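Both complexes below contain subunit A, partnered by subunit B and then by subunit C.
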Partner chain A sequence: MAYLTLEKLRKAYGKHVVIPEIDLELEAGEFVCLVGPSGSGKSTLLRMIAGLESISGGRVTVAGADITGTDPSDRDMAMVFQSYALYPHMTVRDNMSFALRMRNEDKALIQERVAEAVEMLDLHGLEDRKPSALSGGQRQRVAMGRCIVRKPKLFLFDEPLSNLDAKLRTATRHQIRRLHDQLGATSIFVTHDQVEAMTMADRIALLDHGEVMQIGTPQELYLNPKNRFTAGFLGSPEMNFFSGTAEMAENGLHVRASDSLFLPASDARLKRLSDRLVPGQTVEVGVRPEHFVIADAPGPDTLSLPVEGQEWLGHEAFVFGRIGKQEVGVRVASGAAADDTLPRTGSAVPLTVLEDTWHVFDPETGETLSL
Partner chain B sequence: MSGKSARKGFLGGHLVAWGYALIIVGPMFWILSNSFKRQIDILMGTGFATPILDNYRTLLFSRQSDFLMNLWNSALVGVVSTVIVLVIATLAAFTVVRLEPPKWATFLLLGWALVFHMLPTLTFVGSWYVMFSNLGLHGTYTAVILTHIVHALPQTVFLMVGFLLNIPNDLIQAARMDGCSYGQVFRRIVLPLSFGGMAAAGALAFIQSWSDFAIALNLTDQDTMTAPVAIATFAQEHQIRYGEMASASVLSMVPALILILFGQRYVVRGLMAGAVK
Partner chain C sequence: MSATTAQRRNRIWRYGSLLPAALLLIVLTIYPVFNLVGLSLSDVEWIDGRADTSFTGLDNFEQLFQHEPVYWAGVRNTIVFAVCAVTAQMIFGFAMALAARRASGFGRVALTTIFLMPIVIPPIVIGAMWRLLLGRDFGAVNTLLGYVGLGPVDFLGNPDVALASVIMVDIWHWTPFVFLLMLTGLESLDDEVFEAARFDVKTNWQELRYVTIPLMIPTILITAGLRIVLTFKVFDEVYLLTAGGPGTATEVINFSIYRTFFAQDRVGVGSAMSLLTLVAVAVLIVAVNLVIRARRKAKEIAE
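So, the complex of A and B:
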């Protein structure tokens, strides 16, 4: 049985429904990221699990025990807040030991746990400082220390990295994941940053308007998105979308709009598609920037992209242009690509699509047709 | 050019500030100088006279004078009412700000506080006099303390609400997750973090009680009389004892001055709380 289960969990403020109904299961030891745009209900969901938001309907169970109506002080969960929420009038040591002191734990045990946490988080020498005398990164670590010393049933993270600078964020990402593994903890991590979710999570639950759009490993969500929302949310630069009428060909799919796009496919995929597609049906097609290949010469199956700009990132490079009104991004090189080999602004590059890497979505429902 | 006009504005500001200071400090200085003069010098309007301590001596050590007891009464009433006001107001503010009572309850409480704060105290003094007389409490500390509590509560509640709003909700939620009940949250987190606000609101409530004249005049008797009422009694039927009146005023100003000197930082911060983030 799953460690944490959410059954038909619902949240509404009066008539305004934030989360219509969510079912979710977490195994013990899992690291799950709740991702979604702002307003998707991910923070609300986390706070409902924590007990900080009331639950309008449904059930939450942890390790078999129903905690739907339990007071947050009795849930034995620990949370890292976006603002860290360190107690400003207490020293680092007192901040970390606060929960244990509230439980009247043995003094020796408290000391031992705090020392452990200080060691793990490299907070030596800061034990007697107040939070106001710490840097952002140190505060963040103290906030984690406060959770670690408790050995709680569940670790909850509410966008804890968003106040750190980019470099520190990357380092802290690794540290959080390492601590999670080291402690054998079960964690839920809320973020709006897809990179954080992709790099840290065992599984990602992608939310939109209070509904789970897709849940699965980062690979599943990235490579096999079940719907257009998932496809568009993950990946940077974003997946390119084209809409047009679909026509089956012998070794692929033609999507015709003002320009024609040819999507090469294996026989198996083509067969699956032909079961679902009505000839001449309007579809939406998604191709990731790295799944385009620049062809040697323009041909009947290539798409011509007028180049309007480049992004050179060192280990990879992208060119951008517009086809019709649609912005299109293409990864043109991996490895340390030299600047002068990039297609120039104003020129046109012929593009082909890699076999079976593309996605077809129903324009009405947004569901995938190509899986 | 802009420098010149800025300088002009600067000068104007200075003039206003100094003028204002003069209006406040002038009378205080006048009282201070009178407290060291003989009655005849005060009546003659003598500018400079040899300072004497007779007024203070009579006030503090003469058999006829109760002024030390009056000061003690003022202090007792001020401290007790301030402490009780702070306890009630802080708890009320915590409830309103963090426990999310029904909207109408909050509205009622704050609305009451506002309306009550706007009504002149004198409106109530008559009925308080009758009420306390009927209860047999006229002339007791209880009567004065209770009325001073009622008088200072509205503004104190408002100040404390402003202060507690500055304590981030995350802190309270973090403490809840760390295993605190709301009572523990209040004791362990909210109380230590609102000392500054309590100092500010407390200083104001104390000074209000200390300087109250109207209520104390009607509700105290010879034994419980506070300093401001005692000062007024120096104006007697046949003569006004200006010298003693002045020295009594100076003495009664001292505690308030000390409080302001030490509490100023908190008071200013307290009054700004909620206004500036």
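So, the complex of A and C:
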């Protein structure tokens, strides 16, 4: 029995449907990220779970109890907001203890819980400060402290890292994940940042237009995307897409458009594909930048990419160019990533694709044909 | 050097732009105050249409403190008026602002429009309207009371209820002003803080007591201060409803000054009354300012 279940959850503002129908199950102790582009309904979904947004249809249950219509204060959840939403007139201590004080908890217990949170979040010496006298990172920690002291059934995070600078964001990412494990908490984390989702989540639920496109571990979503949307959303630089007509060959797949792309495949994969593909069918194929290999010399199975620019990042490097109208990014193998061996702008590099790493999608439905 | 020329031009502009406002202040405020001080120390007689002014020292103040019971009745009434009216206006205005903020869409527009109605009605109309409503024999209020077997109450003619009636009309008139400032204050607060509060508090009262009111304190202080000072200037409502009567039941400071100065032509005593009131209000404003500043300072220290 799942810890949190969403059954046929629906949200509509009048005729405008934000979330048509979502089913989702969370196990206790899981860290789940809701990811998606803006307007995907991820924040709305979180706010429905929190009780801040009314539910147009369906059910939410936590630990077996139906909480669909209850008030946020009765749901035993705690939330970290994007702007942290600390009470500006209260000290750090009062901010953290507020919910417990409002529930007339024992004073000694409150003190103990606050002390615990201060310890965990390294907020020593800041207990009597007001939020306006804290830095962004400290405020963010106080907002987490406010949740921790309540020992809630569910932690909700609404893009809590988006107001932090890049360096602090990385550190806070680790801290949140560590706290989650330490507390044995169950968390839902909303973000539009795929890196946050990939690094923190046990499972990612990728949303688009109020629908779950795919849910699974970061590895599942990255390596075996079920559809073109998932494939394109995760990964940076983005996966490269080519459309053309598919033709089976002996040891791979030819995709022919203005240029021909050869996708080498194992026998098993080729067999599965041949069951699904009609010869000459139009398909969309996706290849991640790191799944291209720069060949030594042009050959019949290589794709020629005129180089238009480079990105040198230290531990890796990418070259970019265009084939037809399609922007193509390729990761340069780490040995060739030294600045002087990077392919120069204006030159052309011959590319081959690694066996079985590529994806084939139905251009109509966007569903994968290669899994 | 071009830098110094620019600096000088800058300075000329800075002071030059202040000049019109400064001139207005001197002509319309500072000069009259000095003039008032002069008049309050003089006896003014009108002879052949000309003012004959003679210096009499503190005679006018002696007269004011010893022999003007009507003025002191006015002082008492004005204080009662200010305390009662402002307290009620603050409570009602705040409650209405909370209601309007909770309402959504059409309800909010409707509520705001209705709540703001009294503030756009000219005082003279308000006076006439309430005189008609509160009249002893034909007033709508007494007619309604009659239906339930009460009254008639002589709202404006009975010395025991006249002041309460005038205060009631003032509350009706000025609550919208408080409502408007409070609503603006509430809307400037961070919505996410209130969303956070929805997780933390168990009752609406807790939210009001521990979140909304503390966050609204600056707005509350400024609004209350403004209302108190403005209440000391009350004149039109009293003039139109009761003209200070019956007896001294609704006498207010401004009415005494008006009568002494214009109706009785006692310019010296009238000036002394004005000056005393001016000083009292000034002290009040300074006090409110000090409280606000002390709070701000305490906040800075806490940070």
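Quick notes on this structure:
Note that the second predicted complex is superposed on the first by the 369 of 371 C-alpha atoms of A that agree within 3 Å, B and C clash if a C-alpha of one lies under 4 Å from a C-alpha of the other, contacts with A are read in each partner's own complex, and residues count from 1 in each chain.
Here is the rule we use: a contact is a pair of C-beta atoms (placed from the backbone, for glycine too) under 8 Å apart; a residue touches a chain by one contact, two chains touch by 3 or more.
Worth saying up front: this structure is predicted, and the values here are computed from it rather than measured.
Superposition note: with subunit A as the common reference, subunit B and subunit C are in steric clash. With both structures placed on the common chain, the touch criterion links A:R103 to subunit B and to subunit C. Residue by residue along subunit A, subunit B and subunit C are tallied for touches, and C comes out ahead.
With both structures placed on the common chain, the touch criterion links A:L52 to subunit B and to subunit C.
Of the two partner chains, neither subunit B nor subunit C is touched by A:I19.
In the superposed pair of complexes, A:Y87 makes contact with subunit B and with subunit C alike.
In the superposition on chain A, A:L273 makes contact with neither subunit B nor subunit C. In the superposed pair of complexes, A:A78 makes contact with subunit B and with subunit C alike.
Residues 50-52, 71-73, 75, 77-79, 81-83, 85, 87-89, 98-99, 102-103, 146 of subunit A lie in contact with subunit B in one complex and with subunit C in the other. Within the complex formed with subunit B, the subunit A residues making contact are 50-52, 71-75, 77-79, 81-83, 85, 87-89, 98-99, 102-103, 146, 150. On subunit B, the positions that touch subunit A within their shared complex are 168, 170-171, 173-181, 184, 188-189, 192-193.
Remark: subunit A residues 50-52, 71-73, 75, 77-79, 81-89, 91, 98-99, 102-103, 128-130, 132-133, 146 touch subunit C in the complex. For subunit C in complex with subunit A, the touching residues are 190, 192-193, 195-202, 206, 210-211, 214-215, 217, 299, 302-303.
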